[in-house]
Amino acid sequence: MNMSNPVNDFNEYREKMNAIILGKNNLVLKRLFNLDTNTYEAGALDVKTKEMLGLVASLVLRCDDCIKYHLGKCKDAGTTTEELYEIFAVANIVGGTIVIPHTRRGAEYWESLHDLHV
Amino acid sequence: MNMSNPVNDFNEYREKMNAIILGKNNLVLKRLFNLDTNTYEAGALDVKTKEMLGLVASLVLRCDDCIKYHLGKCKDAGTTTEELYEIFAVANIVGGTIVIPHTRRGAEYWESLHDLHV
Amino acid sequence: MNMSNPVNDFNEYREKMNAIILGKNNLVLKRLFNLDTNTYEAGALDVKTKEMLGLVASLVLRCDDCIKYHLGKCKDAGTTTEELYEIFAVANIVGGTIVIPHTRRGAEYWESLHDLHV
Amino acid sequence: MNMSNPVNDFNEYREKMNAIILGKNNLVLKRLFNLDTNTYEAGALDVKTKEMLGLVASLVLRCDDCIKYHLGKCKDAGTTTEELYEIFAVANIVGGTIVIPHTRRGAEYWESLHDLHV
Amino acid sequence: MNMSNPVNDFNEYREKMNAIILGKNNLVLKRLFNLDTNTYEAGALDVKTKEMLGLVASLVLRCDDCIKYHLGKCKDAGTTTEELYEIFAVANIVGGTIVIPHTRRGAEYWESLHDLHV
Amino acid sequence: MNMSNPVNDFNEYREKMNAIILGKNNLVLKRLFNLDTNTYEAGALDVKTKEMLGLVASLVLRCDDCIKYHLGKCKDAGTTTEELYEIFAVANIVGGTIVIPHTRRGAEYWESLHDLHV
């Protein structure tokens, strides 16, 4: 059973629209979507480190959906809340206080990922 | 009769707020709004090409409302879905995967412009 | 009594999430939040000028929540509507027409701050 | 006699290239250049305040040439070094530590504007 | 014989560093470089249109090296100076006056591409 | 003896200008500079991970001086060339091909840090 919550809503919209986009058969977009997946596979750096890199990049570029996506992946890879807030700290120092509103929404989504009531 | 849908909602809010802004009689803003209109008129480049330029610029700058506006204009100027996805491809390669969430919302709006059910 | 309106909604979400963020005791974030407050205190420049600087910076960086925050502070510091639209003009000329959608939402919030019906 | 220094070099290149650009007779660019000048004329806000707004916007958008231009205008309008560093502070807090390298180059240019030896 | 000029300098540095980067055999970077080439090949849109899209995207993102690269490609694809200045106009209206310094350097490079003395 | 090379040139300019900036005694800037140092100290995440986060953030925000600074710190913390190129890969996928010119200059600086002849 899939009850409505921020995590399910995000994943469902993402999957629905990715299917529409990929259904148009633009080869460059298809390859970019594949390459995006390859980027975060284990290599010299492990998956957890790569997902944290993807998260901090999404934070400073202030892309809420990218932040949500990588928060989910970071949680799966074992990032702790204390580690997450150190990533938030790097992003807010490098990117400035304009990152704060995205940190607020990211913090709220992180709580949702842990089934906590915000 | 103007039923509620994403295209009408966007246009109505845009017109309502533009009227409020222009009603304050700030001369610089008035001239900029006029100049914005002039920019996309036919010249050495035709209207369709200029609207595609406006769209790709809006995509890489990740401005959802600007994307919606130029998607409407691109459709009016005869841009096909296959051409649109090549514009999406340029934007996502130049601007990176942070453009993907805006591509999702743009793809959804494009379907709405064609009265398709997403 | 706190009726639902855009200004109260913004302030309540901001306060709720700031409490959650600061509750995690990340020292860098705590100090940055304090430093953010210090930045806008009167010095060689007065509070009104500093808040206008914070507003124009938020506008060109296209951060809607930052814009709302500084609009509230600008109103408290005595910025008039005519002055506000000159700040909007600088932001739209420096940052281009991608700032227009944020100007629309900022103009709407400014009306809400004055209890006008938009 | 125009000896080579950072201020003269900047102004001469700017004037030479503006002449080439305006010489192509693109009407939109011509009007935008004029509108840019109008934006900083005295209105509800005085010239000094408007130039400080232009400077902080240029700082957070990290445009070195725009920063140099507005530093020159700010000096002409009577901005003091203490006031300037409060503008730098707002820009670095809002825009983050990525603004620091631009602050370094701006600080160096400010010294040049005052004929100091850096 | 390859005399020093802005066009040769740009191309030589670009080729030297691309060789070093690709020599490290990072598969994601290799594929992205290939995909970048595919993006601008003729499809529903012709090469000239795609290069103009790449140019305007580079202008509003204010990437001088990307601008130079696409200026070279636009010239090869037959873009005229009048068309180029209409692309400059779109970029400066969408992206604002912070695009002007990049327009200056782009205009200078365009002259170099045509062997004119600036 | 300090021979001229890209690494020394960068460090010397940075130190000279930081001294000038901090000499003006703006309290907000002083505290931000201190906070910047605190951010990368070992906590739940180790120094090497934090420096890699700082590097990828600098890459996607396209700040050449920030990239150089964190490349030096990453090298000190033991980042290998293979790891570095995986960070470059994340940055170029998230931020797009506009990151490539910064990757070129970063790759060149990385070689200089290792005393290799580019």
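The chains carry the letters A, B, C, D, E and F, assigned in the order they are written, with residues numbered from 1 in each.
The working rule: contacts are C-beta pairs under 8 Å (C-beta built on N, C-alpha and C of every residue); 3 or more make two chains touch, one makes a residue touch a chain.
Here the structure is a predicted model, which is why all the values come from computation and not from measurement.
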Quiz item: Quick one: which chains contact subunit B and subunit D both?
Solution: A, C, E, F
Quiz item: If you average the Cα atoms per chain, which one ends up farthest from subunit B?
Solution: F
Quiz item: Looking at subunit A with subunit F, do both copies bring the same residues to the contact (over half shared) or different ones?
Solution: same
Self-check item: Taking each chain's C-alpha mean as its centre, the one farthest from subunit E
Solution: C
Quiz prompt | Pair joined by more contacting C-beta pairs (D-F or A-E) | solution = D-F
Quiz item: Cα centroid separation between subunit A and subunit D, in whole Å?
Solution: 37
Practice problem: List the centre-to-centre spacing of subunit A and subunit C in whole Å, with centres computed as mean CA coordinates. | Solution: 26
Quiz item: Among the residues of subunit E, which ones contact at least 2 other chains?
Solution: 28, 32, 35-36, 39, 58, 60-61, 66, 82, 86, 89, 92-95, 97-98
Practice problem: Examine which chains touch each other and state the graph shape they make (line, ring, star, complete, other). | Solution: complete
Quiz item: Along subunit A, where are the residues that touch subunit F in the complex?
Solution: 35-36, 39-40, 43-45, 49-50, 52-54, 56-61, 66, 80, 82-83, 86-87, 89-91, 93-95
Self-check item: Interfacial residue positions of subunit A with respect to subunit D in the complex
Solution: 60, 92-99
Quiz prompt | subunit F to subunit E touching residues, read off their complex | solution = 62, 81-82, 85-86, 88-89, 92-93, 97-98, 100-101, 103-105, 107-108, 111, 118
Quiz item: Which residues, counting only subunit B, touch subunit C once they are in their complex?
Solution: 13-14, 16-18, 20-21, 24, 26, 28-29, 32, 36, 58, 61, 63-66
Self-check item: Contact footprint of subunit E on subunit A as seen in their complex
Solution: 27-28, 31-32, 35, 38-39
